[in-house]
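Take this structure first; my questions come after.
Going in written order, the chains are labelled A, B, C, D and E, and every chain counts its residues from 1.
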Amino acid sequence: MRKNRKWNILYIFFAFVLFFPVLLLLVKSVSYGWRWGEIIPTSFSARGFDVLLNDSRFYSAIGMSFLIGNMVILLNLLIAVPAARALAFHTFRGKSLVEVVLLLPILIPSLAVAMGIHITMIRLGLADQWLGVVLVHLIPTVPYSIKILRSGFERLGQKWEEQASSLGGTKMAILYRIYLPQLLPSFRSMVFLIFVISLSQYALTSIIGGGNVLTLAMLYFPFLSSVDEAVIASFSIVFALLPICVMIGFELVFRLVIPYQKRVFLD
Amino acid sequence: MKWFKSNNWSLALLPAFLFTFCLVVYGLFMAAQESVTTLNGFSLDAYKNIFDNEAFLESLTYSLRIAFVSTVLSLVLGLLLTKFLFETLNNHLARTVVWLPMLFPHFVWGYMMILLFSQTGWFSTMLHAMSIIDSPDQFPVLTNDRYGIGIILTYTLKEIPFVVLMLLPVYAQLNRDLPNVVMTLGGNKWHVFKTVEWPWLFPVLMEAGLIVFAFILAAFEVPYLLGTTYPKMVSVLAYEWFYQGDWSKRPESFAVMMTVTAIIFGLLIILLSLVSRSRYRMMKGNGM
Amino acid sequence: MNEKIVIEKLSKSYGEKCIISNMSLTIEQGEIISVVGPSGSGKSTLLKCLAGLEPVSAGSIKVGEKDITSMQANQRPIVMMFQQPLLFPHMTVLENVMIGLSFKRKGTKAEQKEQAANFLMKVGLEGYGKNYPYELSGGQQQRVALARALITNPQLMLLDEPFSSIDNEKRDELRLWVKNLLKEEGIASLFITHDIEEAMLMGDRVVIFAEQIVQQVGKPLDVYEEPATPFVAKFYSDGLLIGTDSFVHSKKLTVVIEQSEECYQSYAGKVVQKKVKHGSLFYDIQIEALHQKLTLPSVENLDLSQHVWVTVKKEQDVVHLKNSV
Amino acid sequence: MNEKIVIEKLSKSYGEKCIISNMSLTIEQGEIISVVGPSGSGKSTLLKCLAGLEPVSAGSIKVGEKDITSMQANQRPIVMMFQQPLLFPHMTVLENVMIGLSFKRKGTKAEQKEQAANFLMKVGLEGYGKNYPYELSGGQQQRVALARALITNPQLMLLDEPFSSIDNEKRDELRLWVKNLLKEEGIASLFITHDIEEAMLMGDRVVIFAEQIVQQVGKPLDVYEEPATPFVAKFYSDGLLIGTDSFVHSKKLTVVIEQSEECYQSYAGKVVQKKVKHGSLFYDIQIEALHQKLTLPSVENLDLSQHVWVTVKKEQDVVHLKNSV
Amino acid sequence: NLNNSDNAGEELKEKDWSDITELAEGSKVRIFMWGGDEGINRYMDEWVAPNLKEAHNIELERVPMDTNEILQKLSTEKRANKEEGTIDIIWINGENFKNAKEFELLYGPFSEKLPNYQNYVDTESLDVQYDFGTEVEGLEAPWGKVQFVFQYDEEKIPTPPANFEELKDWIKENPGKFTYPDANDFTGNAFLRHVLYDAVGGPEKLLENGYDEKVLANHADALWSYLREIQPSLWRNGETYPATLTDLDRLYSQGEVWMTMGYNEARAESLIKDGIFPESTKSFVLDSGSIGNTHFLAIPFNSPNKAGAMVAIDFLMSPDAQLAKYESTYWGENMALDPTKLPEDAQEKLANMDRGASVLSPEKLSESLLPEVDAEYVNWLKEHWVNEVVQKQ
């Protein structure tokens, strides 16, 4: 028991270290003229939030970010679920090569490959469209989804699939009714991570989206090069709130879509 | 047709594989081409130039050092966090708090570090309020400093959650009896870690480390905000050479990026050879 | 629906390695066949091939007139049960039992539920429908797994060591119960086990599988009493193998302390172990000359390490076996 | 080094739930004690307490004069072996065997290696040192695990169903072999098993553990023939329990087809199963009046479902048991 | 019709302004510009967009994007032969313009066609004909002018230095309270050019022959020695410099340093209003003068609506639009137009406008105005500054 408490203190410490900067950011977003020497600001103002809420494109940008983020999540599911399953359950020659290639997008400097990607997208006729943006957002996200889902599949193992298919389940039915509910924690992590990554893509979005596709990052990133800290802070908070909304939204969707939820499995 | 049937997995992997291959490998190819193309056609001048450039070499070592230190720190802290708080982290809410830094882009996280650790940051103010210092310049230089402390601090804190995310499944899958085996054979806690946990952690840590390392080496926002004027991290150099001036430095910029890519590839190959054999044995082993 | 299952010239290899070669077997409706064989001989592989979880290399599997060799696992009228109950942990017991029906979309949800409840009752678990698998004991879980398999009304049930993870006391009860259920429902089944006693108990016939082929098929006691090959004799029956092809069944052997002249043959042995089984005394006797250990009953009280003689009374007690099938 | 292990008034609870209460037991040096008991009765918990993997709630454990109750697991001269071999998959067999020595830093690396090779030879696995565990069969792995445990030269070895995951053929061989090895090395041991036959075979004495306490301790056959409580009679011995405290041992029972007047008592029964064991015939007989099933030998040929009589010859064959310890 | 947009662009050059206006009617124009300033954004969204809609029925869409990225996008599109882009107008000057011109990313010449350019701009002036020494050649139209000023905190510095000598002395007296951004930063480089002008003895020599290595060879030492001399007394002892003006501003807003600087003589106003800069912030220029700088609007080669772009640019150069931009409620930036050419009422309005206490008087500003020099000097400073100053500690 005592041992447990010791770790809890450690946890609280860690949580605090990670939470404290965020707290400071919150205060900063409503502070006015906060200078060195003042532990808490002496005056407050909602100007930071005013600036974003008054930006005419703020809401449409949020909408677009949601649209793109969710599309990216869906496509990730379509691409990563079979790939992760295959990597988890099968061994074959050249498997490590495939793994390396799938890891490349997060290893190579994105500036280096941006031009090539842009040219490809122009050739495909997808540049300057939101669909194109969705596709390029897959590049930095798919490797992560595959990683997360793969370890989920590995943890469960193939035995469930064998048992269920022997009972007459089709591949889809097994995936949906046996693996999906049990992989829920993996899906949660995946949705979270992917949305965060998609949301914070600025360079790829601006180049491929060509301004036709205005996401929150497009509005937000230019402000990062201004000295207006209240705006940066309030933007950052909104920026961080979106994934939380998406998580809640997906939680509801999971409740509706994923079967057998009476017993919630958290692990 | 038969081939597809018997190699079901290939069909499943095809979209992901083709997709990354077409976009990323083609992009890489373009970048490589760009780095060896000048107005007079093919030339390796760009590489010659950067490797003759004292400033580049120095910033390369500087970057490698910073990337290495931040990676190791975030791995170690992430590992400690996961190891000791595994039970706590099983709780959904507790995990959410640890993941907090992931919600913010790197740049913002860097900015928060400035709010906290700069000479006029909140800690400095705090020390002032406690009458330990009486002017900002008595506060130690932790941002925009020579040694990249600010950058390291930012990356370390920001990447810890990622490391935790990668390690949680490993701990979830660890065999619960093996630690008992070690204990009963006379091993202490350290032996348990070394013989039971480490072999499984090692490949995952290496992979996470590589991802983090590659990211730190390639991303420029944080060092741009928190770095020093000299030496700069290579990513900042590449960025400046890419965008600024009259674009005559672009081949150099691409050469820098290709060099970084080559380094990462080198590491990747080393890690693969280190990890793959032991992983294979463990896959077959009964320990899991 | 009198359909027998016919396996014809089935072969299976993993890469270069041949696991099953040219195996044929006919399973009558409602018949329970026990399969025994050494570890790693390919029993589980055989079941997986039949269930459609592994592709076969050659041969055919027919259910009645229908060739199902190239059917997907989920379309075959064959269900496999594994060593572990493998109940889906996120579903209630009732949902677990229902799942086969809902995969096949048989009937409305309400009908499925009713039928599942019915089967739960059959396996003696009424009232557990709303529980989750982790709340059940191992034996109960195994029964749920059985109900889940039976409800799909398979024509062939494959059981891969289904009782090996259940403790001795409950195993006995479960065996009888499964046997009765399979008989009641008239479902043919292949039953793998490591336990010879269990194989005899469960099987209408038993198949001894080793070295890629079926070594012998027959009624449990018939095979026990008349093994066809030295391998079967050694693996499945009790007795003394003499040379490469002669065999004396245990029931034809007696243990005596003094060598007597009256018998056909006798071998010197040493008592290594004393056992009681169901109130009868048995002794493990090591026969050095033949490098064999033998368990024999004896009414006489023997001590450990005591030297004894194992005797064969008549010449016709020694049977000659074919060296292979 | 003649040190016996003395367990005194050991108690263990998980929270409110008492698992072991006030248990005392003395293990002589080199003695093998088999422990049997129903599933979930706390046998594994007992071993874990002895090994130091679980803290005890009360009582003491002494090795010789030394009280080790509050020692850490890694400091106790006690090694535990689990049901699975649990070899470290990333180490070679030799490294696995060596690991205990390297934990304790006994000798130089070369010496450790030599000793490990020595132990590998002892368990009949010379030449396997460089292999990895996955390349070994289950039985071989179990032997490596044993070598790994023995090399630390423990004073007490705890074995928690070490053979239950090994197939029947190899199990038999392994049992004998482990017993000899323990005897040779003079290591005391507690051996848990579900298998009564195995318990008899392995143990110098057997402990029947149930309902938080030791129900009976004694030589295997003594306990078998003279169970002290109805529980032991039912769980460990063979025979007929009559009422709450009367017991007739199987060897005092006979199966007859016709009821005769000569005997002291007889019960109506029905044959439910026919079995052969070591060449002898046995019948499972259900006695409805007592709600018991009984396995008895019979020379007569009986059919399934045939009605028979189970008879007790003399009044003194019925023993009266204490109702609890 | 691969060259559709190209042809249309060529045809457009032949057309009358009235035809162009007609063509632009009812279209949509996308302007890509840096979006990190709330005042500028509000000016574009709240003033320009509705008024342009009313005047020409053109819908203006502002897309926030860094000029770097805009050019990167255009050059890739050029390489991929994408004839129909998404950008109609870009905000550009200096090196970016030079690159864009060199890589033929711009449409034009077009500025001569714009009535407001003809009417109100001093077309003869060097800062309209040259953008950092690069000849404009009608590829971009001037949008605004800004002048380099220093900002300081009046409470801490009662009298700001008047020349570089005094600045040096002040820096030495107040160690750690001054710094300037990295040479790679737009503003940092401008500061260095000021020092260069001073070392050379005025911009004339630098302007004479465009980029002139000889002049540099003669005067470089003076420049570097000045910078090295102040270095030890700079913020953090000159071990590091703020990477961007933003960083310097942040230091200033926290009081770590006491001076900041920047193009745009009125930039402090809104920062004071938002509580970022202290209210006691004032600005000053050195006696040797301050560099003025013009920024422009250009049309990319593959703009899908070049006519609309031209009309919109013309509108942005109209006196009304320029006056609104001049107001410190929005942007507060100086006009690209020649005040003397303005109509009477506009001139009057201009004279009555109050730009705020932190802004120097128009007289003071115009009397100290210095021209920009060739962009090569900018590069030269970037290349040598690190070696000559930072590494020579």
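The rule is short, and it goes like this: a residue touches a chain if its C-beta (ideal position, glycine included) is under 8 Å from a C-beta of that chain, and two chains touch if they have at least 3 such contacts.
Chain-to-protein mapping (UniProt): A = ABC transporter permease; B = ABC transmembrane type-1 domain-containing protein; C, D = ABC transporter domain-containing protein.
The shown structure was predicted, so the numbers you read here are calculated from the model rather than taken from an experiment.
Asker: Provide the labels of all chains in contact with chain A and in contact with chain E.
Answerer: B
Asker: What chains, if any, are shared contacts of chain A and chain B?
Answerer: E
Asker: How many angstrom between the C-alpha centroids of chain D and chain A?
Answerer: 55
Asker: So how far apart, in whole Å, are chain B and chain D when each is placed at the average of its C-alpha atoms?
Answerer: 53
Asker: Please report how many Å separate the Cα centroid of chain C from that of chain E, as a whole number.
Answerer: Measuring from centre to centre gives 88 Å for this pair.
Asker: Touching at least two other chains at once: which residues of chain E meet that condition?
Answerer: 72, 244, 250, 254-256
Asker: If a residue has to touch 2 or more other chains to count, which residues of chain B qualify?
Answerer: Within chain B, the residues that touch at least two other chains are 120, 136.
Asker: Name the touching chain pairs, would you?
Answerer: A-B, A-C, A-E, B-D, B-E, C-D
Asker: Spell out the residues on chain D that touch chain C in their complex, using ranges where they run on.
Answerer: 38-39, 137-138, 167-170, 176, 194-197, 200-201, 221, 224, 238-239, 249-253, 272-280, 282, 295-297
Asker: Any idea which chain E residues touch chain A in the complex?
Answerer: It comes out as residues 30, 32, 34-38, 41-42, 45, 61, 63-66, 69, 72-73, 76-77, 79-80, 82, 85-87, 244, 246, 249-250, 253-256, 271, 274-276, 278.
Asker: Once bound in the complex, which stretches of chain B touch chain D?
Answerer: For this pair, the touching residues of chain B are 175, 177-178, 180-188, 191, 195-196, 199, 278, 281-282, 284-288.
Asker: What part of chain B is in contact with chain E in the complex they form?
Answerer: 55, 114, 118-120, 136-137, 141, 144-146, 224-225, 227-230, 240, 243-247
Asker: Taking the touch rule as given, give the residues of chain B at its contact with chain A in the complex, in rising order.
Answerer: Against chain A, the touching part of chain B is residues 7-13, 15-17, 19-31, 34, 81, 84-85, 87-88, 90-92, 94, 97-105, 107-109, 111-113, 115-116, 120, 122, 124-126, 128-129, 136, 157, 160-161, 165-166, 169-170, 172-173, 207, 210-211, 214-215, 217-218, 220, 235, 238-239, 242, 254, 257-258, 260-261, 264-265, 268, 272, 276.
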